[in-house]
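As written, the chains take the letters A, B, C and D, and residue 1 is the first residue of each chain.
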């Protein structure tokens, strides 16, 4: 047993320092106000203690000036905290360009991770130091939550949809991976490790072991097995939209809406094809929900992504409708 | 005060308007008004509900407190819809799935 | 049953005087000795007797929920899950949460102290709807029976939050019985809130204007607003969960395209304001106690009264801060974060005003004041750590960890239960007509305060280190802090047992209490201890401001 | 704190005045306000389902259109008219009580019960139709009759889940209301009410009108989506 009294978690990502700075600021605020209130209560209690049984101090009416003071000063302070918290939050939500992509499936009670290069892990994730890693996550059953305390990231993993988070590790080492959303009997057993490696070590980890096929290649095989190509042929007579060059680009829908083809859109279009019909096509595609596992879906997504070239612009950069506040700092 | 006696003629009048309103809402639904079908249906429903509230439920003749309760109920219902609607409307605005 | 008062009669007919065994002079007729027998209690419509019925139910639930907490803390002494099975552990924290939240904290102060005091404080003979009040208690007990049924049949393991799709499609436990239990109990809250609102609006004594009301009444008015506006939403939410489980309706089912996050919106639309249901009445108690034990009108009375309403209203706009990482949109998270910071302001205002009340007061540290001071300290810590959780970027790291557990226990246990205990001690002489042993009570208050901090402060650190909540087993490096927490819990448990013993003892052996043992202001101290069934011999008329401990003409304007 | 010595009410206190109220009007005011506060909670109770409806209707509009079209417009429309009629008869019942027409009060209230029962009967016919056509959510749900396939069938289940939850909750309110009206009618028959005291009739009326209002919204929202296509 570790007999030390830990007070502070390890910092192992670019986000950790930013979160901790806000944390320390808030501790300072809390210590200040906590001490202030405690001191005042104790001082008043002693200084104005009851000296005789029937003592009746003269009443003091409220003071508008004082009320305004202790309304506006806290208001100013909390607005600062709000803006600071919002800035950090946006940095977490906005995925920087040039990420290494990893797909994660939560399932009671394990984490299954897949690398683009085809490596698959259970309750483990190996990543290189200094490279931003984007995680696309989903769940096969209930809500889980992907939590790496040393990176200060956490994201609920919701069945039926994709969510995204990212991190950039700064120190090699092995860190806890927890499920943070209660998911049933073995919730506390749904834990694992994230191993951060020096780039060279990571390269040798990648090349070691039975690599087999890349994620996109696995997706391509699935694509063929499911006979998707019958309709998604890519010619003008095809019954389904052309998939080459689709990922990360705008799509016009039959109902007049426009959106950017990201992972979530492609997943939805496989499991619930009629949800968003591409303009000019008929809702004729059968639904594949229940026919393809979440891992298989991720392979298909990776395959379709690969059809848009080797290094597609991340969806975050292409689709972002708002100006670039809260830029990521490496 | 709710002791106010409303003439039965008023009740019958309100009743007839309600029936006409029902017919109108069915008719409006069969006409293609584009995006306006739903708002029209809701406006008619709100008008009908207001008639019931004001006359059948005597709010027109009741204390302000009753009006306050009614207003509070409507406001809180709107808060619920608006707060949750805000989430669904702004999903994925940041640009990656799940943001 | 209602008592009709004829001409010239100012109180109900005197029953045959019961033989007194303890003291020679036969006690006056009061609400306690006016009738005897089980029937006279179970069919009573007297708000004071119903309050005591609630006290019985609430106390039972508190010790039941507390015994689960004991087992949880025992399990967490070691990192391995070695005391109970995972299934059992999950049921323990679920039932601890359900019972403490829905069957103890929410009814505690309103249904017991509020029920007892509100009619007396406003100079009324009873609540507006006495039979409805009794019905509320039966509904509460029925809801409790459903929950206990779920417990004895094997329990429920969804967490008190009932998150879908786990609760609707995956849990193999008694979700339906537990959900119905909370659904039913919700109607008890609704009817109590309804009764309070109508009573406060319609039944104030002549001269008792809104801004002469005790702050306890203001707090309960605000609480009642949450009862009636929020509780129906949790009722329909849990009903849909039950229907989804029992009849396969698919409102939250992701396999049908349903959105589990919609459930979270509906759940927290009630369950966040529910936190204010717990804390607002405790704030009301603290206002009364601070005024009485500094013998001064609460500084900024109007501001404190309005801040209660502000908390109740703003409290309804912040529910999304429980969902920052849930998959809710980033922008919605920002809006909810901003609004959450706004709700911190009226709470801060209250703390500053209580502190200012002590200034140039006549401060005496009797037991209720010890609890009130403890409340101010612990609520301050709880409130300040709430800022950590409202700051979106920081919440990502600390949400669903022990940081959250520590934070809400500081509010609910450090805040609400300290207020509850302070209130019980403050009004105990009024309720029972007996004084409690002051020395023991002070010792217990100090033990509760120390035990509480030792239990929950280490959990802030645990949470920031990253220990997730609801973990049956945990990595070894978290053990030291967990052992500290468990040690604190045993002290806290002792602190809670002590009042249970000496308060029961005082009911029989305590010295008889005068009508106004604290020399306090307020209508409840103008009537006998314990009061008669219709509360006052004569209809009181109020001619002065709230908490007028000294004549107004001496007042100083700061 | 000063006080006056007068006791609550004089010797001619009304037998329906309970001990803790000053006067009958005060008691009636409290009852009316209390009933309205209760209706506030009812708004929020139904509000949760209306919220779910709003969200899913916007997410899955096409499936909602297809599902709505299968609902029987004639039966729904007739039921709306029946319920509006019952609101009129209820209003007339309250009116009769206020002007001390005992037999008329009983008559209007019984007519209200009859209309309410007709509504529930028609609702039962509609429900049976949904069972017969496999439109009850669950594993036996079939989409053929709605002309939806694939994933749309699942979305249609969400519509029908909401349909049954909302109309079921509404019908439950009517099932609770009918015996209450019968009790009030019995009290009226026994001569319990007077122009000064007929609060139970008024309160029952408020409840019944509220149930009517819920249906006024349910009808267009459930039955009239995309009927023009």
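One rule holds in what follows: contacts are C-beta pairs under 8 Å (C-beta built on N, C-alpha and C of every residue); 3 or more make two chains touch, one makes a residue touch a chain.
This is a predicted model, so every value here is computed, not measured.
For the criterion of most C-beta pairs in contact, the winning chain pair is A-C. In whole angstrom, the spacing between the mean C-alpha positions of chain B and chain C is 36.
Once the centre of each chain is set as its mean CA position, chain B and chain D turn out to be 15 Å apart. Distance from the chain A centre to the chain B centre is 40 Å, each centre being the mean of its Cα atoms. Listed for chain C are residues 201, 229, 233, 255, 257, 259, 261-262, 265-266, 327, 330, each touching two or more other chains.
Residue positions of chain B touching 2 or more other chains: 65, 72, 76, 80, 84, 88, 92-94, 98-99. Looking at chain A, residues 90, 93, 155, 158, 161, 163, 272, 275, 289 sit in touch with two or more other chains.
Chain contacts in this assembly form a complete graph, since each chain touches every other chain. Against chain B, in their complex, chain A makes its touches with residues 90, 93-95, 134, 136-137, 155, 158, 161-165, 260, 262-264, 314-322. Contacts from chain A toward chain D in the complex involve residues 271-275, 285-287, 289. Only residues 92-99 of chain B touch chain A when the two sit together in their complex. On the chain D side of its complex with chain C, the touching residues are 1-11, 13, 18-21, 26, 29-30, 33-34, 37-38, 40-49, 51-52, 55-56, 59-60, 137-139, 151, 154-155, 157-158, 161-162, 164-165, 169. Residues 60, 62, 149-152, 154 of chain D are the ones that touch chain A when the two sit in their complex.
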